[in-house]
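What follows is a group of structures, each given as structure tokens.
Below, chain A partners chain B and then partners chain C, in two separate complexes.
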Partner chain A sequence: MTLAVFFGCTFIAFGPALSLFLFTIARDPLRIIILIAGAFFWLVSLLLSSLIWFIAVKASDPRDEALQRGLLIFGVMFSVLLQEAFRFLYYKLLRKAIEGLVALSEDGCSPISIQQMAYVAGVGFGLMSGAFSMINLLADALGPGTVGIHGDSQLYFLTSAFMTMVLIFLHTFWGILFFHGCENQRWWEIAAVVLMHLAVSGSTFWNPLYVGSLVPSYLLMAAAAVWAYLLSGGSAQNLRRFLLCKCLVKGDGDLSGRPWG
Partner chain B sequence: MAAAAGRARSRRGMAAAAGSPRLPAWCGPLRGLLLAVLAAGSCHGNSVERKIYIPLNKTAPCVRLLNATHQIGCQSSISGDTGVIHVVEKEEDLNWVLADGPHPPYMILLDGNLFNRKVLMQLKGTSRVSGLAVSIAKPNPPQGFSPGLKCPNDGFGVYSKDYGPQYAHCNTTVWNPLGSGISYEDFDFPIFLLEDANETQVIKQCYQDHNVPRDGSGPEYPLCAMQLFSHMHAVTSTVTCMRRNSIQNTFSINPETVCDPLLDYNVWSTLQPINSSGKVDREKEVIIVATRIDSHSFFWNIAPGAESAVSSFVTHLAAAEALHKASDVHLLQRNVMFTFFQGETFDYIGSSRMVYDMEKDKFPLRLDNIHSFVELNQVALRNGSVLWMHTDPVSWMNESVQIQVRNLLDILSNSSVGANVTLREVGYSQPLPPSSFQRFLRARHIPGVVLTDHQAAFQNRYYQSMYDTPENIRMQYPEGLSPEETLEYVTDTAKSLAEVATVVARALYRLAGGANNTSAIQADPKTVTRMLYGFLIKMNNSWFQSIIKPDLKGILGDVPQHYVAVSSPVNTTYLVQYVLANLTGTVVNLTKEECLNPEKAPNTEKELYDYAWVQGSLDPNSTTRVPYCVRSTVHLTKALSPAFELRQWGSTEYSTWTESRWKEIRARIFLVASKELEIITLVVGIVILVFSLLATHFINAKADVLFSIPRDPGAVAY
Partner chain C sequence: MSEESEESVPLLPLQQESMASALFNTDQNDNSERRRHDNSERRRNDNPGSETNGQPQNNIQQVVEDEEEDEELTLKYGAKHVIMLFVPVTLCMVVVVATIKSVSFYTRKDGQLIYTPFTEETETIGQRALNSILNAAIMISVIIVMTILLVVLYKYRCYKVIHGWLIISSLLLLFFFSFIYLGEVFKTYNVAMDYITVALMIWNFGVVGMICIHWKGPLRLQQAYLIMISALMALVFIKYLPEWTAWLILAVISVYDLVAVLCPKGPLRMLVETAQERNETLFPALIYSSTMVWLVNMAEEDPEAQRKASKNSTYDKQANQPQNGDAEPDDGGFSQEWQQQRDNRIGPIESTPESRAAVQALPSNSQTSEDPEERGVKLGLGDFIFYSVLVGKASATASGDWNTTLACFVAILIGLCLTLLLLAIFKKALPALPISITFGLVFYFATDNLVQPFMDQLAFHQFYI
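This part shows the complex of A and B:
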């Protein structure tokens, strides 16, 4: 669909992630490392789950439509569980890393906290997940044609871009929730993350009824955002102060310009 | 704690300053992302691409050919030409494309019956057309269709201002009156032929669903569009493209050739063996029998050539087989050379090369050796039973030639006694039709005759077009036959061509000095029908399979096309060579090693004969073949225009035709969205990007306001 659609969809899908990266992660090399490693962990989980699905598909009859759909659903659910398992493995790895960083530092304090690692790991998972969802669509969006000749919806690219955006956000918030749950032994938080992930992935089976997949995902994202904000030390009071402060004092020299951490 | 935090911050800052590269840290992943995008894009056939595009697989493009001064054919832009599809089934539909339609440029799906000069010239003059897809008309257009010239090979035959000026440029006789000359026009948009009726139906269905105007107003987006890729690398003329080739070859490490000369091989064989690397004595006289074996049409590699080429060379092959049945062949006074010229459609490539080789002493024969010349042109559409004999009126003025030509005509007429062929003379006021004989006449006054089924204008109403098919020469098979039965079924066309072949063979026997009864010289209709089936309907049949070399069996495609092409030899040349070897050669008892290396075996006379190890026929019960060795006098000589040997790219004397090179040729259809939707997507994307950048900046700046440090000193804050 030409260059306009290519850039439009790229900005929609990756704009928020790019701004998160630029402002909060890019300056700190340690955070970049955690981001890339997180992306890699997600990639490995995808590789393993696609291997299982591929074997299952090859072992079955390709003409049986119902069986193939069933295998796809099984593949998606198995992939969700595997992604969360790798999130847990990554948590374990980062805990070990914190011990190493503490040992290396001069003042016995880790330069980065587990909450910050949780956020960055979430962004890493989200970016790689978004990349795999969106890159091949973007490559085809460059051509002159749009989806629809076989009867599919014309809004395919647009809805895919919005879905990718919401998935990146969701992975970020799930990272925070998951690590908080692991840290404080709150297993119901971990269970909630897994269930939300299953729900969002399952809702994509409503496609091409895009209302059925986008609306629940955005609602879940709002809920996860509020929860993660509360767990990160936020409150309604802080939010009000932030908004009012912003309105009253724009570019306050005292409070602005300081990066996170 | 604040001091510790301050120290940590400064150390981290120093570490960051020491370790940071010149480029910002986010450049690396971004580059990786771009590479990933490009890499994913090169992966063809992925599921998203299948949602968007329907590829059109059974198409034939129109490509660019160049000669010394002009370029002909079609060209697309380097990344393909896209246009909204419009189906034109009658002339009034063109108004939408040319004037009324609101979404130019258009890609036209043209009905085969409207594919004529008038429509094409209208489309050529407008910028609202980005390409053309022609669906083949079934049945053939009844009024005839020929994209060739009215005067084929004009300027390269014998008639010019120095020789018979009143006959030059078809002043006396227009040979191809139906010729529109569109093959020789230059188009700047791509033109494709849709060979499969199912694909045409898919396109029409897409058009009906999306592009038809409803209630008087224009159609709404999304619209059905088509994209054609056929970018040609060569431009202007052969002079330019050969010059560019030589520049590339001289200066570039990886030279990129832009065009190739049309070349192939001529097939020739003699009745009595001659030394193919030596020279024949001056006193030995040879009668040359010639036909062309190639044809052309508007589209690349679509050249069924049933009447224009196949009918003549099949008759020639049958006559060669018949003549070899005479008992005293080796005692004849004169030799007979059966010659099959390739590339005659493009200003006599094959015959001009053979004449050049004869003049320059590179061929075993010289022009002095030629006693007479018999050529077979289109012979399948005889009116009644009449076969016309054409002679050159200018050389008729020469006394000695006149006597020899008279003798030739009389022998031919006498040979037709008893056969269902009536030979008639055309007269001395009409020039020769376009034929290879004209190139020989340019060099020497040789007595000769051209045999055709037309007196003046061609009987063939589909000369050099895609409609010159078996139906054109009235080949009909009954329903329900298997391929094997169809191969063996003798059609009326085969019988008629066999009669012509018998007459020609008997005349050749007499011309060569034979005095015996010619009743044994008879062409076999069974052979003729098998050849017609193989060269016109299905090349991959059991007879052809049994007479070719074992390593060639993969080359036999299905639908035969007889275009000269640039990679040689083409299938037609191979098959003519092997069929001629099978029909005129003998089976010898040699092993495979001896057959492949005849110089090692005794008594093989390698200079006189050609040995071929052919794979033999399939036993009906087993799956193996019984190969054997065939000894024949069949040879190939290169058919490349002398202009390329002499490096005279702008020659007006020799053929200078070249074919452009290209990278990819394909076609596909898809839907296009409106510009508004695209701009909306871009604007939404930019808005989201800007908003998220601003929001993240502010959240980051006010992070300590948003995320309060908890009282508990154990927990670490943001």
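This part shows the complex of A and C:
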């Protein structure tokens, strides 16, 4: 494989996330900390789920292919549930942190809102999830080899990159939806996030039939994007104003249709 | 290259980083009240001359101390200071990991240090475990003995000896180790190079480094040099410590750090307290400092004036430095650097003749820079070194490769964040190693043994979680 594959897949997978990071998170130290803590929570959830899978595998017959595949599927589902559980734990932690920040502040309001935290936490989860899925692949892409020489799909790297990108976006939107559901006691939003995650992970069981995994994931991502945008205060009007570069009342020439403001 | 020169890494750099690893920063309550009063006035003022990372975070409320109540929960360090440490720690780790991944010299086994005489190439696992325990014990005893020696030297005011010791060790790092590093990089990339050019490069690099670290220089350059020497030292450890020994040493040194800094009779605590009693700075070239405090506007309040420390920035102070080094044997050239360390412990509070002289020479209506946000944060170089050793070893020897490296990296950053939080709450000197190294070790072994097989299988089937 070549440098072109390496850079191409890196930018496909991490380009959007990196720009999100650079433009919205990198300037605020508090957001960077929340991002890294989110990555840490995802990591811990992965650790626990791999522990369970590892124990199950060690307790079973390693030569039974179907059983191993079944155990892997069980591992994936369990990992998804554990990730969402840790997202909930992180929400609890951030709630407490907001109370602390309010107590320490001069004017009684926190420097960051729970919605912003939701977004950053989602990006944190997504970045770590994407990194763990993709980095070893990228390192291998730099070395010599031919993709799919034994009859597997030749699009392995490319589809992995696209899948990683969609997962990063999905985690971001799920973060927003999940926290919004927790804040406003709307349990069906939380259930929807969990089900979406299970659906996306489940769709990857169709791989290498990529139509079965990438297409549903992108559709779900579009749906989650719209939903998260609406929940964050966006509307069709905002979007139109943003796209037509119209300013708001205090307009000083900048694009002020963004939800965060 | 002779075996001897490779194996006999001198004691000096070891001592350097064992000293530096335990110290951290804090703030004493008695001085914080007076500073709080000034902070509240100065908080509103913008300081154009500060050397912080330039972010207008004046509304980071965590750092601002309440002016009315003394007992209010106040955090001395906020998010900004955490990031001020994240960046250099990340840079150091990136340098180490990049070198490990590209230059094979640092992963090749070329013998062991004299401090770890027992080999790990044994027949049985039990023998290997025993050997590594013995190696770790020897290394830790060496470090303890050196630390106690340093404390004794400091207590009996043998400043020249200490100063000379530190200069020799920085000379070694800046010239010899960087020469070897440069040579290996050239070998890796097959770059043809002549001795004259190399001599010029190393000479310039080393001399500028000595000046920046031990005297004065641009802040960013000094920080860059400190990061580079930490990375070089970490690379030496990664190369010469066998596997099990390295992990054991990391574990034991975090326990030692905890004990040495927190116990009343711990050597590092005694060192810090002695230095505090004498109103002196600690050793140069052992502490990474994230900002300089400009010695501006102390003349309004006399106690305030006495408490402002100047780091390597103001010219007045630096001009006084050489004379004071000779005139006052007590300071012995340490006063400037000690204040850096003092800034950590009790904030930029220092009372030295030269600072007062400098202050009185300044106009009295300039703004002070003693903003909470402008106050710097410090981390010992030993912490940098051991964090990088952990991440470097993870990238060198893990089967999970990049996943393990990334996991250790995140774990160390979170540990650092937690340590800073504890520091901000408890306001006393804290060891920076234990929490981060514990997290790092746990995540290294867990990721390497548990997560890696799982991710491998997932990647094989192209499942995504």
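A few notes on this one:
Keep this in mind: the second predicted complex is superposed on the first by the 245 of 261 C-alpha atoms of A that agree within 3 Å, B and C clash if a C-alpha of one lies under 4 Å from a C-alpha of the other, contacts with A are read in each partner's own complex, and residues count from 1 in each chain.
In this text, contacts are C-beta pairs under 8 Å (C-beta built on N, C-alpha and C of every residue); 3 or more make two chains touch, one makes a residue touch a chain.
What you are looking at is a predicted structure, and each value in this text was computed from that prediction instead of being measured.
When the two complexes are overlaid on their common chain A, residue A:Q115 makes contact with chain B while staying clear of chain C.
In the superposition on chain A, A:I32 makes contact with both chain B and chain C.
In the overlay built on the shared chain, the residue A:V147 is in contact with chain B alone; chain C does not reach it.
Judged by the touch definition given at the top, the superposed model places A:A225 against neither chain B nor chain C.
When the shared chain is aligned, chain B and chain C each come close enough to touch A:A139. In the superposed model, A:L51 lies in contact with chain C only, and not with chain B. Once chain A of one complex is fitted onto chain A of the other, the partner contacts of A:I98 are absent, as it touches neither chain B nor chain C. When the shared chain is aligned, no partner comes close enough to touch A:A85: not chain B, not chain C.
Touch criterion not met for A:L67: it reaches neither chain B nor chain C.
Overlaid on A, the two complexes show chain B and chain C touching the same residues of chain A, namely 27-29, 32, 36, 105-106, 110-111, 131, 135-137, 139, 156. In the complex of the two chains, the chain B residues touching chain A come out as 4, 7-8, 11-12, 15-16, 19-20, 24-26, 29, 33, 36-38, 40-41, 43, 46, 48-49, 51-54, 82, 206, 222, 224-225, 227, 668-673, 677-679, 681-686, 688-689, 692-693, 695-698, 700-710, 716-718.
Against chain A, in their complex, chain C makes its touches with residues 55, 57, 59-62, 64, 73-75, 78-80, 82-83, 86, 400-403, 406-407, 410-411, 413-414, 417, 443, 446-447, 449-451, 453-455, 457-459, 461-465. Of all the residues in chain A, the ones that touch chain B in their complex are 1-2, 4-5, 7-12, 15-16, 18-24, 26-29, 32, 36, 105-107, 109-111, 113-116, 131, 135-140, 142-150, 152, 154, 156-158, 161, 165, 229, 232-235, 238-239, 241-242, 245-246, 255-261.
Considering their complex, residues 27-30, 32-33, 36-37, 39-40, 43, 46-47, 49-51, 53-54, 57, 69, 72-73, 75-76, 79-80, 83, 101, 103-106, 110-111, 128-129, 131-133, 135-137, 139, 156, 159-160, 163-164, 167, 200-201, 204-205, 207-208 of chain A touch chain C.
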